[in-house]
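Below you'll find the structure, written out as structure tokens, and then a few comments.
Read from first to last, the chains carry the letters A, B, C, D, E, F, G and H; within each, the first residue is number 1.
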């Protein structure tokens, strides 16, 4: 039931055109009515700024352009194409020359609005191979209005590389750590800091890595407090989750 | 929001004590209101007859009696205690001498209402060890008003045992098949009949059976059409699912 | 033993050309004889209308046309090609211009007979990526003579989308729910309705989804009563299982 | 190297009692020195209030009392015994009569300091069997100074129960959701709210639940944004993680 | 349909009391008739000598005696109780003093008929912990009339122990190899001999052994030709399978 | 140490050219000597007739021809190329026009010797997709001198198809059953016959089939006696194992 | 064949009592003879000092004493009882009052010979719960003559604890690291040192730890070079492997 | 903090230009300082000679040359390209004609420094398909200065092949064993020798091999003492681990 319909029923009741019994019945008839517009509007308000995302892997380059064109027409926000390759970029650039392509991170960004970047999210990777996943997190965090500092390839073996960056970690409201192989880095970072750590296992590795399951299980079993885990390679989700926390920290959502 | 509250608001609107704007706002404030009483009542109506069920495994015998007493007070339906043992029965019988105990099937039934048994559900097991799970299905089906025919220990090795009962299978509106080990029986029954077959893997077996996973995977991969699968040892769910189909077949729920 | 052979033996017995001992022996010699023609005919009768299905994935386009040609010759029913792509369609269309191609759902239909559509099966998907599997279910259900209502992309996150369609759910005799990722939609639908829900996990997802295993396990563990599960991506099986239930509900199979 | 030792070395250098070469050498000798007292003090400060926790499962009742006695001597904070049973409580109460025992939640609390409770953490469970895990989260969150609202047994099947509590969800800075079986509740809550959701799979279930793995995989694959996952039954970790976020939201840790 | 019924029908046809059409119809009515008595008798004949087996694990000692009593009454063959313990033996001995108890192998044998032992089956174990499983195989093989030679604890590490027994291996018609841990012994034996090797993984091991799955997978992947595999701990099945082969070799079943 | 070397040492001892101490030392020096020529010769004798096998999957067509040429030079036996495709056949035929190509079974055979075919091995498949694996078994069995009868696509659903072929099963000394999906056929065949059944799971299936693991687990858990299992898709091993048994049955290897 | 037998044969050849043909034949008859005494003696020599080990878990206290008595009689080395509990110790102490009992490490040692302790093996644990496994390694290493330094509970979260002990690590010839949960410690230690690191996953953890599999997989996927892995909880194997390396380093085995 | 910075601070303190408080503060500010240069230098010293490694699988041939060029500029050591194919070699050879290509082992070596080869590492494979993994181990071991002896395709079935090479095994300080399928070879070698054995499972196999998991689990469960395990296909890691042990044995690292 739409707000207008409900208003109409109420008006009829007020004017005596409909008795309360019928009104009661009509509202109740729709087992769970869609009255939740307050929440929905609230939703829409908060979600403003979340970029539209197109996951390109497995999509043919011919289908990318119409999707992007539709998104460009339907709203005015940013558009992020993840897991993109050179062919996709050529296709996109032909139509939208302003598109930014980050080859290593495999994303294309059509930037149409800028948000003030607040707070501090640190995005960390164990190795260089984890960067595409980390970049998904970082770019989503930036597009939703968060200041992001990247700290890539700090490794685990050779802890001094990690520990020498403790200063950066201590400035963060929330830290995203992407790691493959044994996935030990979130435990180490989690043991150094007091802020929430979001662990993202990546599918980097081979053999008994089982497509990222070794890293995932390792992170779930972290002996460090303050570590929560995302699905394998889910950089996008990690960036959005970090955004929620950072916005709370800078006052956007506190209660 | 309760029905009474909504009625009250509508009444106030009708009497001019509340303007429609405020009414609209108060209803909308609760993002998804609990107005769905029509559906809920409908639910309750349909579910009438579903017995209260107490899963006894892992519960201390001392805690069983108070649970049963509370259930007996709160409603007038039947009460089914599953995975019960001798100790539990002694405890229950002391308080409710009319309780029926089926030791092999490991259930206790406190019967307080009788329903007419209609249609035909056939419940089959591969071996004798599968009977407790099958009995859960059978007794739930009976308590919800379905005629049940049991066909236990028809085996897989020795197909003639299965095939010689084809007459029974052909009378069923729906068949529940409980089997452990390799879980092949549902495929065979599914290949013989035209009615829906509900496959219930049991945890009977050892070694590479993996607690029923071998049977579960086998059933999910059945090459017979018309077979759907329940969780391992979920006899209760199978009996209820069969009840839904049989009631549709005898006209209780057709559209 | 064929019906004719048995008739011949009986005739010889009747005419005194064979004594009963020999007849007994000859019949018994074939340990389990193939006398079950009654059942088989019965089978064939019920199965009339089930389309011939060609699973195209992994088949070379060159091999599709001869298969279809053979099927067209051997019977007069409909032919459904699932998991088809553009190349297959070009091949098929060249030979059978009347073939209908549904690109998103990846099927080709050669329609040669129409059945009256009765009852009501609702086919639901969580996301758009689940549609090919759902369409397999829907088209099989239609070709076997069932009225189908599609409700695609109703999501789980954002429950209001699901709940606002409760009216459609309540009209169904049986509901097929296809969902990937966490596979939670069947639990939610199952909690809203009283009719049987057939859950079809899809292989949509990545990482810890394990090719659909996460959705499958979730559905098997559903806390909602009245949910049974098919193999991953088994839309065809779900459509056929729904057909069996819907036909029972409209009286086609009741006892 | 302790702060005092370093100070002493520097003092000696300043007074000319030690030359810089020797000082350099002595500091460098300890490959990675323990100079990080700033961080450590900072740690200790933040962690103040985190209760000492004793995991009782698998520990003999005789060993509990000495552990608790040692903890009581070593610090002045609260002590939380999780997975406790009646026997353990009797043992503890004999020595510390002021111990609070929550039988359903299976914890014992020796409360020695009170913190002001700020912000709002909502802790939700799907069923009653998930409460022990949820209570671990709730009590840890309270002991670290967070206001907690419990919302237990809101289920998944029967979505209206969930949705009718949307008002409570909307007040939260962060929500902890504990669920077993298919673990679908975090997806639903995540779809309703804008704050971070911490999903805790519980080991409640049987058969293909695989000791909580079904719920865990489901939560990792959640199609709702804003959901991060803890290990199975890790209520303690979830409560601490929620505390970190809530404290950021109320200003305790913002940057 | 029983043999007698069929005979009766045929007799009526012969005497003209029933026409062939009705006879045809009555036989065909029972979709798959139970005429297979020839096969069944044949079965029974072949299976004569296979001992009745009672799997004691998980059975209460009180239930063992009635089971054994019933078996003793129903047939005249041997009775084998596997996975038996001291308590069971005391119970059994009280009633059947002639029962033979093999404590290490955990079986009790009530021997009532002797068969000539022919051919040669060699039963091998890697370690002493595998002996109970191997003894199941050995005693079943002996009770079905096969000469058995035991070769226990020949190890894998320390290959000379294996190879020094090559003479025994070369005399066998078929070899049963029971091994836990990495399950490598069947590969080694399989590489030394030309006769069929039946590999039985045992659940001996810990950690990544996964209850015998490591041994099972190893045996399935054996690089030696001539190795087939049984379920974990399925000594009984291995002994029966070896019996089938050995009887073929000595001429009992050749064609 | 070669036989010649040992002979030489012994000769020197006999002629007094080497004292026994030195001889003892030289023999013992080589910790496990290679004296086992008796066994090895015996091996070679028995293995005569086993075709050389080239597994083509994953091998480039350019590498096939030199491999085949080498094999043709090195021995005079048959050569079997498995998992071959059209390209490989073209390559092979160019060099060896007499090569026989079986496209469905995906093998190429260069036949250079004929063996008398004795006994009876029956090779069965559940579906047509299992035929390539079954053909590997059948052709290996034929090349090692066994009479083979093929019984393909006898299904499981629709048991009458299986049971009507009981006559063929009863003639076999050993039966190989290849089946994918739920892998139930070996259980059914095993329940009908008294001879050994070799179950070969195939990787045919999808979703929860897990690449043949569902069929494998099903077969390992078979409730029929007399069933042993090979690795997934290991038709070659099954054919060789069947050969060993059939040769024993016809007297080639009995003791 | 024993050394004596071979010597005898050679002597007969030398004296002309046996011709070389017969000698050749008798030696070759035993396909792989047991001539490897050199190797075996060498084995025995090296293995001297390896304690006899009794794994007590799952063994009844009544069976421990006879085992120990037999071991005491058969040799003069040390005896180590692992996974021992108080009851076992009481039993052992009654008979051998000199037995040393380490309750936390759960082992009992009957020390009868002392070896000089050479080199340096460092045994590390992440937590206190890993100590029983680590002690198995440490005590085995000591009993085989290696100097052992224990470094327990150095954690992962809180890297400074690990790094502050770098001095100890740098003195080691080989390091054994026992860790449960996510098993990250070996990666960190491996990144700090140049000597071999032996990683022993322990079964400490819960939920998605899967009985130590998470730690095991993490260690196998370690991004640090120089890490090799043992089975879960295999402290004994790790201690022996470390002994082999340390003895090589101090010159006992170098080549 | 660099060594120079610390020296400067100390100098300022000595000269009275900075008071000890400020010095203390500046050093402590950096929570865990990078003072560990002793260790790092030590590291670099030891690691000298470890070749730079480029893992080519999954890298486009166009990206290989710039990587190699950068490596050639940055250091003077050897460069090893693993998992290389013909295309990569053509690309590399065009730029560096001196590159050595080992096609079977799939590596390319640009050799720029020679080290003296000391000690003895034996590298063994079960089959020819395991050679690429073994060659990774062998070439890494050689490039780090170890004498390597290869023993390829010694098999498991046909143990005489293994045992006849016992002489080679006994000369080794450490043995690397690469094996796929059931992975039994390390157990056998481990039972023959006294030196450490490094087991490397390879992904060779099919079906229930599960991509090398069968071999991995087998090796972890080895009943032979003195066997440690690497990740699947991790030849590089095995070669480096063997190098560490062999260098200890020849005195390079003893303590």
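Convention: a contact is a pair of C-beta atoms (placed from the backbone, for glycine too) under 8 Å apart; a residue touches a chain by one contact, two chains touch by 3 or more.
Computed from a predicted model, the values in this text were never measured in an experiment.
Novice: Go through the assembly and pull out the chains touching chain C as well as chain G.
Specialist: Under the touch definition, chain C and chain G have A, D, E, F as mutual neighbours.
Novice: Give me the superposition rotation angle from chain A to chain G, based on Cα atoms, as a multiple of 5 degrees.
Specialist: The C-alpha superposition of chain A onto chain G needs 180 degrees.
Novice: Same or different, please, for the chain B to chain C contact, judged on whether over half of the interface numbers appear on both copies.
Specialist: Mostly the same residues.
Novice: So how far apart, in whole Å, are chain B and chain F when each is placed at the average of its C-alpha atoms?
Specialist: 49
Novice: Between chain B and chain E, what's the gap in Å when you average each chain's C-alpha atoms?
Specialist: 38
Novice: What whole-number Å value describes the gap between the mean CA coordinates of chain D and chain F?
Specialist: Distance between chain centres, rounded to whole Å: 59 Å.
Novice: For chain H, jot down the residues that touch at least 2 other chains.
Specialist: Each of 30-33, 36, 39, 159-160, 163, 166, 170, 192, 207-209, 213, 216, 220-221, 225, 231-232 in chain H touches at least two other chains.
Novice: Under the stated touch criterion, can you name all the chain pairs that qualify?
Specialist: A-B, A-C, A-D, A-G, A-H, B-C, B-D, B-E, B-F, C-D, C-E, C-F, D-G, D-H, E-F, E-G, E-H, F-G, F-H, G-H
Novice: Within their complex, state which residues of chain B touch chain C.
Specialist: 32, 36, 39, 42-43, 46-47, 119-120, 159-160, 163, 166, 170-174, 192, 194-196, 198, 216, 220-221, 225-232, 237, 240-241, 244-245, 248-251, 253-255
Novice: Can you list the chain F residues touching chain H in their complex?
Specialist: Going by the criterion above, the answer is residues 30-34, 36, 39-40, 201, 203, 211-213, 216, 231-234.
Novice: So in the complex, which bits of chain F are touching chain B?
Specialist: 126-127, 155-160, 162-163, 181-184, 187-188, 190-192, 205, 207-210, 213-215, 217-225
Novice: Mind listing the chain H positions that touch chain F in their complex?
Specialist: 160, 163-164, 166-167, 170, 192, 206-209
Novice: Would you pull the chain F residues touching chain G in the complex into a rising list?
Specialist: Counting only chain F, the residues touching chain G are 3, 6-7, 10-11, 13-14, 16, 19-20, 23-24, 27-33, 35-40.
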